[in-house]
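Common to both upcoming complexes is chain A, partnered first by chain B, then by chain C.
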Partner chain A sequence: MRSAYIDFIRMRFLTMLAYRVNYYSGIVIYAINIGAYYFLWSAIYGDQDTLAGFSLAQMTTYIAVSWMARAFYFNNLDREIANEIRDGSVAIQFIRPYNYLLVKMMQGFGEGLFRLLLFMVPGLVIVCLLFPVSLPEDPQIWAIYLVMLFLSFLINSQINILTGLFAFYVENNEGMMRMKRTMVDLFSGVAVPIAFFPGWLEGIMQWLPFQAITYLPSSVFTGRTPQSEVLGLVLLQAVWIIILIVPIILIWRSARKRLFVQGG
Partner chain B sequence: MEYIKNYAKTRLTYRADFWVEILSDLLSQGMNLIIILIMFQHTPSLGGWSEAEVVFVYGFFMVPYGIFSTFFGIWNFSERYIVKGEMDRVLTRPAHSLFQVLLENVDPPSLAGSIVGIGIMAVSWPQLGLSFHALDIVMLIIFILGAVLIYAGLYTALSAISFYSDAPTGIVPLMYNIQNYGRYPVNIYNKIIRFVLTWLLPFAFVGVIPASYFLEKKTDDLSQLALMTPVMGIIVFGLGLLLWNHGVKKYRGAGS
Partner chain C sequence: MLAIDVKDLRKQFKVQKNREGLSGALQDLFKRQYTEVAAVKDISFQIPQGEICGYIGENGAGKSTTIKMLTGILVPTSGHIKVNGYVPHKEREKFVNGIGVVFGQRSQLWWDIGVIESFQLLRKVYRVSEHDFRKRLDNLVERLDLGDLLNRPVRKLSLGQRMRCELVASLLHNPSILFLDEPTIGLDIVVKTAIRDFLKEMNKEHGTTILLTTHDLQDIEALCSRVIMLDDGKIIYDGGLDELKSKWSKGREVQFQFAHQTPLSKLKQLTDPLEVIWTLENEVTARMWLPYEVNVSDALARVVGGVEIRDIKIIETNTDEIVREIYQSSATGSSAGIASASVAATKEKTQP
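The block that comes next holds the complex of A and B.
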């Protein structure tokens, strides 16, 4: 059974490879976005050396690595699941011998692998050539960052799966998904590091999983997080992964019951 | 007229969809405003522009953008009209092809953004202590129309590319991201970008330049260029229309 799951990773990777041309323009688009924020922040810093604990060099690195991380962890699992629920193909998945949710996760991995190799890495290279990004010199930080990056991929995928599963209950959750995307982008700190949020908002963010997606890993990468706190952040990510499994399983179970009752 | 009536009929049967679309659209635009507000907590000025001024420019930006989005929902033009052959159907009718395609894709919820934009300007106006003249309304309308024409021209030209080749469809999202640069004061960018945004892909004219007409003059006085907005609009739209018409002729000539 395990090889079947690995197959899903491979299939999704190959599918995306066939359409890789679409992602070349994606690299350019992300570079343009990073550029916009870079100029904005440069103007905001003006003569100031640091803001909210970030120097301008760290800020530039933060923006670059955050967007490139997004290039990696981003996926459309929410849309896919919602579509499969809406057109009914999810019903067949119940009959099959493998677990639907695990399959979606595997497909997510396949997509992530593709994005990492063909989107994030070349993107990061190009962005480093265009903007004054300062990459960390300590290999330990790179190692920890990669772990955190993987964990943030898991968290983002979980949130996507959760959002997609809501299609069981809501007729058309297209609008909801769009709003979720906007919220995740804002609250995960892709556009603005959470340290810049007004105090009350920053407090709320501490209790939500979104910061674990972008803000925490990027803070470690830019060196803003002191060494002593880094492991604590990794642990926080792990905790969120475990917490998010609960609603997913709950909704899945209740949706199954519902489906069986209706479909017969 | 018929198109819009039909559209309204189909749309009102999905009333919830309508409001959700407006809400999510406003939320996306709102997020950018929130980012601006957060940034200004940490600095008094953005390249010499105050918070109220940048918010005003943002409000102005939203108006032509909303109008444009309402009437120009032709995002997947190549996919829907060329690949699937819908263009042939359009060409059998006596009305001009571009306007048919536009009318088939009207998207009224996007107007909500324009209304919010006007609201933002109305709130910022007294905050900035600007005087208000009746002429200002005329100028606003002229600038907004000019900006809409710029959007229209650029995206018509982009869509028209599909008449000439199977170019990758990634160009439209690319343009879409570049246009966001016009929301902010153009002097924060380096000279090359400023040149591109002013004269090649004139997105500076859909936001910051016309808006600066109403604001206090800065050192590099953008407002002198503001009066060029309608001119740029006419030129860009003219070029776009030319490209479209020529492309249609070519399309008609091939196959049949």
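The block that comes next holds the complex of A and C.
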């Protein structure tokens, strides 16, 4: 059975490979995004050396790394789940001896792995050539970062699954999915590092899971977080993963009773 | 042992009511109104192991809802279900290992990958050993003639090819009960026949219990020893196919071709005391409808004695017509409806 779950990762990887042309254009779009943010921030910095504790070099690295991380943890599980609920094909998933949500998670991971290898790695090389990005030299930081990146993937996927499952309760959760997407991009710190938020908002962010998706791992990677605090951040991510499991299980259980197979 | 045991099974759905107009829409925004609709109304039936049972009814009669409860997809509102010794929705993961399901209108294969990749994935999902998998797959591929399809992606298969693959997919783990929800919908007669023959053989060899819903009554005639008929969420018939025919078909028809022009009045006069109904098709052809109470030879003798006849054809109503009668009669809800529907139906059918 375990090998079946691993097979779902492999299968999604192969499927993505079959449609790989889509992703070549993605590399270009990400490079343009990173470039735009780089020039924007250069203009904002002007003559100043640091803003909110970020030097321009750190900011450039933060942007490049955050966008590349987004390529890995980003997936459309919310949309996939919502579509399967809406067109009724979720019914098929109940006649299989596996856990649907776990299968979805595996598929998301297969997609993430594909993007990591064929998108993030070449993308980062290109970005390093174009912009003054400084990557850490300590292999330990790289190792910790990869662990945190994996945890980011889990948190983001959980939020996606939760959003997708709302399709059981509302006929169209398109709006909710869009809102979620904007919230994740904004509050996770991809667009603007959370250190730049006004004090009260930064305070609220500390109690939400979004910062654990991008801001915390990227802070560790750019060396803004002291070594002594790193372990605490990893634990914080782990705590969020555990907290988010609870509503997913509750919604999934109650959804089974509400399940209404569209189209008979 | 019983394969399926259902008692007082009921499923209700909450359906949203949309109020009319702008003010209605605004009201809906704040407070939704729901109506309860019962799709399946307290039905009970039992199916022993090894039986092929047909489950028929009009669209919206509750067939698919029943199948979905039996397979553990839907949770019933009330009542008891035992399938293969399990309560489907409670012990889902254990239970589904012993059943196979094919939905004619939904694919359960993975759209983007090759057929054989789908099968391999299912092998792992159901934890089938490589040895058993090979043996079963080879057998199924040979019987359903799938040889060269295995490496194609599912999205490139025709409906008939896909359906045969779906069947294989549902049988790889050797289930003891097979649920088929309109398995032959949209298929040509060759594929239909192939699937029917295959199901029949499988039932004979492995004793697989099969419950199938269909709109194609030839499926039922070819496969089923028993029929359960559903109407508006209730069982209106449960028994053998032959009994269904004799219970519901009210009579038969005889078509005559006469040598000369024969007026209706003369024919009526010939069969006078008998309760038969004549209809004239053209100048030399007429049909006589006889209820079962009337002896065919009796009626024939009277006609043969009176006019010169070129040809005689006895038409027995087939299952299609009988079922149509039942649907129509349950719609009008009167027994008079049945008799007239019967005449109308037979007429329509044999016109060309």
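Assume the second predicted complex is superposed on the first by the 259 of 264 C-alpha atoms of A that agree within 3 Å, B and C clash if a C-alpha of one lies under 4 Å from a C-alpha of the other, contacts with A are read in each partner's own complex, and residues count from 1 in each chain.
The working rule: a residue touches a chain if its C-beta (ideal position, glycine included) is under 8 Å from a C-beta of that chain, and two chains touch if they have at least 3 such contacts.
Since the model is a prediction, treat every value here as computed from it, not as a measurement.
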Message = Looking at A:P97 after the superposition, I want to know if it touches chain B, chain C, both of them or none. Which is it: first, second, both, neither?
response = second
Query = Does chain B (first) or chain C (second) touch A:S89, or do both, or does neither?
reply = second
Request  = Please name the chain, chain B or chain C, that touches the greater number of residues in chain A.
outcome  = B
Message = Contacts for A:M120 in the overlay, against chain B (first) and chain C (second): which applies, first, second, both or neither?
response = neither
Inquiry  = In the overlaid three-chain picture, which partner chain does A:M176 touch, first (chain B) or second (chain C), both, or neither?
reply    = first
Ask   = A:L149 contacts which: chain B (first), chain C (second), both, neither?
value = neither
Which superposed partner A:S3 touches (first chain B, second chain C, both, neither) = second
Request  = Classify the contacts of A:R256 with the two partner chains as first (chain B alone), second (chain C alone), both, or neither.
outcome  = second
Ask   = Does the superposition put A:M11 against chain B (first), chain C (second), both, or neither?
value = second
Chain B and chain C footprints on chain A, overlapping residues = none
Key: Residue numbers on chain A that touch chain B, as the complex places them   = 21-22, 24-26, 28-29, 32-33, 35-36, 39-46, 48, 51-52, 171-172, 174-176, 178-179, 182-183, 185-186, 191-192, 196-198
Ask   = So in the complex, which bits of chain B are touching chain A?
value = 14, 16-17, 20-21, 23-24, 27-28, 31, 34-35, 38-39, 41-43, 45-47, 168-171, 173-174, 177-178, 180-181, 184-185, 188-190, 193
Task = Spell out the residues on chain A that touch chain C in their complex, using ranges where they run on.
result = 1, 3-4, 7-8, 11, 14-15, 18, 88-89, 91-92, 94-98, 256-257, 259-261, 263-264
Query = Tell me, which parts of chain C touch chain A in their complex?
reply = 13, 59-60, 64-65, 68, 71-75, 89, 92-94, 96-97, 99, 101, 103, 105-106, 108, 110, 112-113, 117, 120-121, 124-127
